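All chains are identified by letter, namely A, B, C and D, in their written order; residue positions are counted from 1 within each chain.
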Amino acid sequence: MSSPDSKSSAISSTKPSTKSSRLVHNSYGKSGVRLSKIIRHADYQELRELTANIQLEGDFAGSYLDGDNSQIIATDSMKNTVYVLAAEHPFATLESFAHDLALHFLKTYSHVTEATVHLVEDLWLRIPTDGKPHPHAFVSGGNEKRIASVIADRESISMQSGIDNLVVAKTTDSQFWGFIRDQYTTLPEARDRIMATSIEASWLYRAETKSEADKIDFNKNYDTIRTIILDIFATQHSLAVQQTLYEMGEAVLAAISDIEEISITMPNQHRIAFNLEPFGKKNQNEIFVPIDEPYGLISGTIKRGG
Amino acid sequence: MSSPDSKSSAISSTKPSTKSSRLVHNSYGKSGVRLSKIIRHADYQELRELTANIQLEGDFAGSYLDGDNSQIIATDSMKNTVYVLAAEHPFATLESFAHDLALHFLKTYSHVTEATVHLVEDLWLRIPTDGKPHPHAFVSGGNEKRIASVIADRESISMQSGIDNLVVAKTTDSQFWGFIRDQYTTLPEARDRIMATSIEASWLYRAETKSEADKIDFNKNYDTIRTIILDIFATQHSLAVQQTLYEMGEAVLAAISDIEEISITMPNQHRIAFNLEPFGKKNQNEIFVPIDEPYGLISGTIKRGG
Amino acid sequence: MSSPDSKSSAISSTKPSTKSSRLVHNSYGKSGVRLSKIIRHADYQELRELTANIQLEGDFAGSYLDGDNSQIIATDSMKNTVYVLAAEHPFATLESFAHDLALHFLKTYSHVTEATVHLVEDLWLRIPTDGKPHPHAFVSGGNEKRIASVIADRESISMQSGIDNLVVAKTTDSQFWGFIRDQYTTLPEARDRIMATSIEASWLYRAETKSEADKIDFNKNYDTIRTIILDIFATQHSLAVQQTLYEMGEAVLAAISDIEEISITMPNQHRIAFNLEPFGKKNQNEIFVPIDEPYGLISGTIKRGG
Amino acid sequence: MSSPDSKSSAISSTKPSTKSSRLVHNSYGKSGVRLSKIIRHADYQELRELTANIQLEGDFAGSYLDGDNSQIIATDSMKNTVYVLAAEHPFATLESFAHDLALHFLKTYSHVTEATVHLVEDLWLRIPTDGKPHPHAFVSGGNEKRIASVIADRESISMQSGIDNLVVAKTTDSQFWGFIRDQYTTLPEARDRIMATSIEASWLYRAETKSEADKIDFNKNYDTIRTIILDIFATQHSLAVQQTLYEMGEAVLAAISDIEEISITMPNQHRIAFNLEPFGKKNQNEIFVPIDEPYGLISGTIKRGG
């Protein structure tokens, strides 16, 4: 599971530390809050399932320095808050729930200076029966996740959305050659290889206020970006994982003006050609050994503006 | 990963054990042999990926009793065999590859008395681009697996096929009530609950020889069974996980005469209603906590014949 | 996690099935019931943590065939039972708790014909402070587990205890040579290799009644067996994993007369020598690549009696 | 597995991007490089096993923008480098190997501007036989890991060492009360609870050059810090996880002058008291349900200086 980088903030402790050390950063919260929400429409139902991770920063130093919990919101109360707010929330977008949760903590507790809410949604697909989606039966969408992540303080918000574990492979149209050959190199050049990866993409919205965020069509953007990523993966002739990654980012920024930058990580899940020569045969680029480790890990951030 | 039960066989050791103990069962093999095979058709490609697990029984007692490895087929050689045979195999069905692998070991090594081959296939779906499946780009089918498992000795074969990790949920049309209430019971009766499970189904074919097995359309059966299972899950009004399980098995046996019996396991992946009353609200059967543990584990075997 | 093989029992359904299929086996229960029990002695405390898995067989066909749950003990009630019985139980041995749980279900519900209780204990070690074990602070014993597994019906009991995930390695004194060399063999013979494995051992007691079981010192046996297994792993000059496995079993049976047979599984967790020759160096049997897959999987059952 | 935050660096691409987007960050490398090294001393052997993760930053934009790999060090070559350097390295400390690996990439490739090497070591303990540690047989140290992480550029180095997955629990001497009670609070105050956590600690050394780093006794520091952390966990009367965390950090800084700051993360692995009242019994603070999710996640960074 990916998590947003916490913006570091130096919290001054309520009393001077008696020793020659000081608490320069603290944060705490509840992770792994799992929620199912059923939305019962007239003619079909939605099953929405997510895991919420909440981190708060603020005036909590008393608990660290003295075990004084008077400013501490119990993480159990944060967990309760997720369920209570979920009961009332329309869940139109994952982002809106993340957003409202983050603002709730800032609004309710004046000593909270920053709230980070990171939601990871499991995807459910309606089971096709009689040629159409069943109204209330679902099959898992697999390991792929939809992500919404909001960091809010009293001045502004930062909204990131993403896809995680989008596992793809192509059996041709991928090359890797022309790299540095020196005394540490044994990898042969590949003119036709399998390329397989588990894509993690996280896009940062330009919106910095609630009113700006409210105008965004998060669902449409998510669908568009997922389609662009799959499309480029499928159709680009790839010379390097790096090139594929960059082209995805460039295309997303070109298509969606709401987005300021996008970070993509693509672990290279290698398939190693099995050597059939000891057995008197030639591997016609057909037989491979998939390995989990080691893996190339390629990442990049593409930002709007020339 | 499920694995077939090994049929136990007492292997008489080549020499009497000098101590008051004897080796009453032994088997060994290679597990986790991961294979990618690309089948390059004229207008599209197939990406087939599986993990092979091989276990052999036979006259191996010398290795156990004396460290005499002269009868030992190295597990590394078994691994090589998977790749060598895969290179030549058409892969028309997963079952045919399992079958041919098992027979290979019996045919090649006269002291092998039984070979078990258990294949677990990862599913890849062709990425839709421009409204049709892309010819050589794939997205993962998730955690769901297709299974083929063959146990063969010199007299007969036993062929099992299966589905594993078929994760499904329904948001209504499931009840659970009328169960025993005694001093250990706190569970309320449910007239409308979420039912979620990860289905594992394994069907045993009636075929006991290679020529009988060669007549079976394994792929069609797999597709039909998967559809039946999803269909019953979606459309049956369930009074118990047990009932749903049995109805699935009965329908499979009714539809497919090749099959002698089917075993189904359905862990009950509970969603617990979150109590909103402490917060002055009522849970309208909408807000739940998904839990992994503990889980009900329900299984049954349904066999042909009245 | 290993689990005991269920003894299969044909349950006659309460009414004839209307279709041409019948339920030939059924069982259900609760798995993943996690328990912490603190035992507060005068001068130190014990932290005992285990996961309980319960499976019952009996007259449950009504639920499968008709959704009639009147004979169903809810798996939630089974879960409650674990905690209620744990509160009163002295926990002198893991086996005694497994035993009492299994007998409870047979005693309480006349239509239960067989109860299987499989307990997996997490091990906690007292933290050394000031040169002695701290009375109430613990560090995890890692992934190694202690197992107790009881299958009971109205006539007899079957008691198995075990160790799981005992991960060990030796850097010399292990060989593997003299195995079959044929066209599928590329593995070189090894006169000095790393041997690494994760040992799973499960021993079956001779006791078949409660009074016989009550005389057994399960804790002492567990300690003795663990020591024997580690000792033989460390000190035997190994010619094959198979040989090491057998010698462990033989030594356990020789040492402990309570035990009828022992099954051991030893996956061969390979370390592959890294080829340094392309870099102008020789690997002095020092640099290896540990791999998880594929792995040799070696098992054997050793029984008392010549 | 924790990984160090990459310092972000804007890499100017070799040619202007033709579209209205630019690559503002890129890095790539090899992760999951698993290594076993045996060090054969006269009277005993060491088994050292680690997973290496390497990330490089530098002038790699050509690969992203144009698929021009002429500046790309293949991740496969990075993997080779780990093994080649490991063969020659004395492995006196984990940190020295991380350090030398990082410097190697900077020294060998002039277009690399920053190298991050993150090593995760699996711990092996010598098996006690005949009352003393066996010279070449080992038992796993469990999930606990030792970490060394180096970020180096051409001006300076940043060295972090750490412990991960140090799983501990105490059965008394932990309280949690006095926290905010509002409409979202249902958690009762606890005057005597189980505290369990999996400690991750990462300490940043003051050394910023190789010569400064060479003077540090990393192994002694690691041992001292591990002992301090366990000692405070065991002996402190805890009023909050936060307080325990801070006290650990303060004690480490007081004991070890080499260290500039320490970050500690302590997920609160909850044990929930099981309610025995429906069964007519009282839970004497003895019977608990361990849960994995949700979990409180507490972190803090403590820095030298008042």
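By our rule, a contact is a pair of C-beta atoms (placed from the backbone, for glycine too) under 8 Å apart; a residue touches a chain by one contact, two chains touch by 3 or more.
Just so we're clear, the structure is a prediction, and the values are computed from it rather than from any experiment.
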- Message: I need the common contact partners of chain A and chain B, sorted by label.
- Response: C, D
- Does the chain A and chain C pair touch with the same residues on each side or with different residues, judged by whether over half of the numbers are shared? same
- With centres defined as the mean of C-alpha atoms, identify the chain lying farthest from chain B. D
- Item | Distance between the centres, which are taken as Cα means, of chain D and chain A, whole angstrom | 22
- Note: chain D sits from chain B at a C-alpha centroid distance in Å of 38
- Task: Give, as an integer number of Å, the spacing between the C-alpha centres of chain D and chain C.
- Result: 32
- Message: If a residue has to touch 2 or more other chains to count, which residues of chain A qualify?
- Response: 34, 80, 84, 184, 186, 278-279, 292-293
- Residues on chain D engaged by chain B in the complex (per definition of touch): 183-184, 186, 278-280, 292-293
- Using the touch definition up top, name the residues of chain B that touch chain A in the complex. 34-40, 45, 47, 49, 80, 83-84, 86-88, 124, 127, 129, 134, 136-144, 166-173, 194, 230-231, 233-235, 271, 274, 276, 278-279, 281, 283-291
- Using the touch rule from the top, collect the residues of chain D that touch chain A in their complex. 5, 16-17, 19-34, 51, 53, 55, 60, 63-81, 84, 108-109, 176-180, 182, 184-187, 238-243, 245-246, 249-250, 253-254, 261, 263, 267-268, 292-306
